[in-house]
Amino acid sequence: MGKPKVAFYWCASCGGCEEAVVDLAEGILEVVGAVDIVLWPVALDFKLKDVHALPDGAIAASFINGSVRTSEQKEWVELLRRKSGLVVAFGSCAHIGGVPGLANLYDRAGIFERAYDLVPTADNPGRVHPQTSTKVAEGELRLPEFFNTVRTLDQVIPVDYYLPGCAPPPDLILNAVQAILAGTLPPKGSVLAPAKALCDTCPLKESKPEKMAIKEFKRIATSAPDPAVCYLAQGYVCLGPATRSGCGERCIKANMPCRGCFGPTPEATDLGAKALGALASMVDTKDPDEAARIMAMLPDPAGALYMYALPSSLLQRKKMEAAHG
Amino acid sequence: MAKRITIDPVTRLEGHGKIEIFLDDAGNVANAYLQIPELRGFEKFAEGRLVEDMPRITPKICGVCPTAHHMASGKTVDAVYHVDPPPAAKKIRELINSAFAVEDHTLHFYFLGGPDFVVGPEAPAAERNILGVIGKVGVEAATRVIGIRRRLRAIITALGGRVIHPVCNVPGGVSKGVTKEMREEFIAAAEDAVEFAKFTLGVFGKIVLANKSYVDLVVGDIYLHRTYYMGLVDAQNRLNLYDGMIRVVTPSGKEFAKFPPSEYVEHIAEHVEPWSYIKFPYLKKVGWKGFTDGETSGVYRVAPLARLNAAEGMATPAAQEEYERMYATLGGKPAHNTLAYHWARLVELLYAAERLRELARDEEILDPHIRTLPTATPTEGVGVVEAPRGTLYHHYKTDERGVVTEANLIVATVNNSAAISMSIARAARKLITNGEVRDGLLNMVEMAFRAYDPCFACATHAAGQTPLIVTVRDARGAPLRVLRRD
Amino acid sequence: MSQDFEPVIVGFLCNWCSYTGADLAGTSRSRYPPNLRIIRVMCSGRVEPAFVLKALREGADGVLVAGCHPGDCHYQEGNYKTMRRMALLGPLLDQFGIERARVRLEWISASEAGRFVEVVKEMTSRIKALGPLRLGHAQDAEPIAEKLAPA
């Protein structure tokens, strides 16, 4: 019996999830010693053909971070799915789409136009855009295709477990690895973090009244919250009521409200919709015009409600005009 | 048909960076391309966001240098709201940024780029890694590396909430102040960091500078590019990582431009190629002349060596000494050899540690007044810091509600994209002749870009510390050799 | 194609008022378009924002939420709660490119069969004019075969 094989892979990722593993690595040497890492682009040598050569299912667990944005990433995760017993979606981007998932409010044409034509430093009179294939004097150069839509990992391949967070905190990563090694995993499909809402573990929860009533939403830009009082009660958007706990209340401890990187609580299918309900219930008015005026103090509801979770939301992306016509 | 050697990725599936080298009929290098196969579109989806969310959004560009993005973004939102943070807030930000610079440069020297030197360029690839470094510098030193990184990352966590993607910067200041107890620890950590930086320079001196073949490599011409250099400087033209004016010097070291961040559009333009998702910035007033160096080409470089070249000295005493020693050894300023980036990085390591100590010792960081609340209507702003990998530009425009209408980002590694491509091509040209791939090629190519510590994550606003895979193929496409950079 | 497009409209109707109103419209044989798929709820306040989004995701071209007139809610505040949710849902839907006319909140009492018919008629014709919603799942959003960039 060899040691269980483990793979780490990244898709459209910032590398922060990789750093999270590196940060942890020294602390889990005995765990690392108990597994055989067959793929880890950031830290170890690997070859694609080595992964191809493995029998299907030979990798005990693959930890995949980042969302799926290009054809190359899609092919990689499909390969890893075939080769792996378990696939763990690692971090917010793989789990719920992550901050770069906000790009689903736009499409490829808009993204290219902004990046290559419209930014004030662009020098691109010919409106040159990257191509999947380019003929240069010496031959052909190829690039993977850039999709219109950012997808979560489970929108591309079946996923067995989820490790939430941007990036996931060390204790949860360690627990997950130990549970895999010990065979003590919860049912498939589970998110490997506590089920409670962040509000239930928040150090400010005592100051959160049972019933909140606000006449205005405040913005961090132009007012200074009292760091000792629940942000929501003060009128700042905080996604604590809809967000799963387990992060260690990291943002709250830096005197900033939660933006939901841990994804929805188990009973909330859609983080933003749940948070929308929580925000609307606090607004203290019976007059539709006043309600509209108060809501207008949140000029970017999509960003406020779905900063991390847009691709995993019920709507998933902005309506495409042409693609489905 | 003439024999042709192509260097391409192991397969189209693999990796986030790839190199294509084409040979001519005689088997000499006709051209080399560095391709970045990804993009995430931050400039686009910034549109419609609240500008105060940008310091929380933009760090996700890169989990390797999230702190730098958080700082640039914080300075940009200040500018958008026309607000000047109180002194304590500025110092807290710079303190976080300094702690980050020390831990990131440390990571590069010991884990990423340093192994080439510490273990040696000719050592077998299997030893050119952190384990090889430990073998060379000793376990005790390795423990010290891990310890100091942990301590510095704890400073960022204490103030920023999260070390990967801190959240403390808000328009006009920071969300969290420094307590007396925190300061005690910061001072102790900073003192440790200064000693550690000196120790690291000592390691470099003993292992690299004492070895003639390494020194020859550093001062030799394989990696030499005569380019323009860019970096932030303070009022006395000394290097600064957090604030100041942007100074550009010519390949002969003369001041070419000095401008405040808000004027960057006058000075920088970006060229686009259809074969990469990355853009190629150049100096607008010189012009894009293709992938070539010299006074007439607008290609410029950023990051440690460029910053030292663009400055006239260091603002802290021990770093100044090291700076002088470095240029004396390299034979004056500017230094054009790409491998000197490693040395310059260590001079900066010492500067950042000394600066961290100054800031931690400064009583003013205890001042509870850490925020100036914005009152003006938000409009437009530019914020610049020096990230470990180079000058980082953020630029946002908003409507009167503070909703972003346009954003532009020129991130550290992107500034160097043309130069990195050139360095790879140059190394390839030097090493491939008559269709023969010399053994040293792969490591030499690897060293060419490793010196820049490139982060294609940032570059494409895309992926992280990006592995780069190169396959050398013969004319029939059969793989001869595989190279990768972690 | 929009000529014979028959929109699907999901109607969340409060049991105490609009549902009864719809019932009355049915028994009194008032004719209203067959496009409405009625879901009875105990109070408009029970219509979570996620229900509305789910209906759109599952193929509805429009969603009608109807409850008791202000002051008449059997649970006191349910309809106000819904009103406030809708006040934020509208701007959110704008950002997703979903026209506001597709999601509508109305107060219709048990006796207002005629009004109910009017609302459904009007909504149906407006959505007909807008055309199908066709959200399309991300899972289906396979790459378009065209080249990466428009010329």
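We call the chains A, B and C, going by the order they appear; numbering starts again at 1 in every chain.
Convention: a residue touches a chain if its C-beta (ideal position, glycine included) is under 8 Å from a C-beta of that chain, and two chains touch if they have at least 3 such contacts.
For clarity, every value in this text was computed on a predicted model and none was experimentally measured.
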Touch-based graph of the chains, sorted into line, ring, star, complete or other: line
Chain whose averaged C-alpha position falls nearest the assembly-wide average: A
Chain of greatest Cα-centre distance to chain C: B
Distance between chain centroids, defined by C-alpha means - chain A, chain C (Å): 30
CA centroid of chain B to CA centroid of chain C, Å: 52
Separation of mean Cα positions, chain B and chain A [Å, integer]: 26
Chain B: positions in contact with at least two other chains: 48, 274
Where chain C touches two or more other chains at once, by residue number: 95, 149
Two or more partner chains touched - positions in chain A: 105, 129-131, 143, 146, 300, 302
Contact footprint of chain A on chain C as seen in their complex: 48-50, 53-54, 56-57, 70, 80-81, 83-85, 87-89, 91-92, 95-98, 133-141, 143-144, 147-150
Complex contacts: residues of chain B adjacent to chain A: 6, 10-15, 20, 22, 30-31, 33, 35, 37-45, 47-53, 56-57, 59-64, 66, 77, 81, 146, 153, 159-168, 170-171, 175-176, 264-265, 268-277, 279, 281, 284, 288, 371, 373-375, 378, 395, 401-403, 406, 408, 410, 455, 457, 462-467, 482, 484, 486
Interfacial residue positions of chain A with respect to chain B in the complex: 10, 12-20, 23, 26, 41-49, 66, 69-70, 72, 75-76, 79, 98-100, 102-103, 105-106, 110-111, 114-116, 118-124, 128-131, 134, 136-139, 141-144, 146, 166-167, 219-224, 227, 250-251, 253-256, 259, 299-300, 302-304, 307
Chain A to chain C touching residues, read off their complex: 71, 104-105, 108-109, 112, 129-132, 143, 145-149, 151, 155-156, 268-270, 272-274, 276-277, 279-281, 283, 285-286, 288, 291-292, 294-296, 298, 300-302, 305, 311, 313-321, 323-325
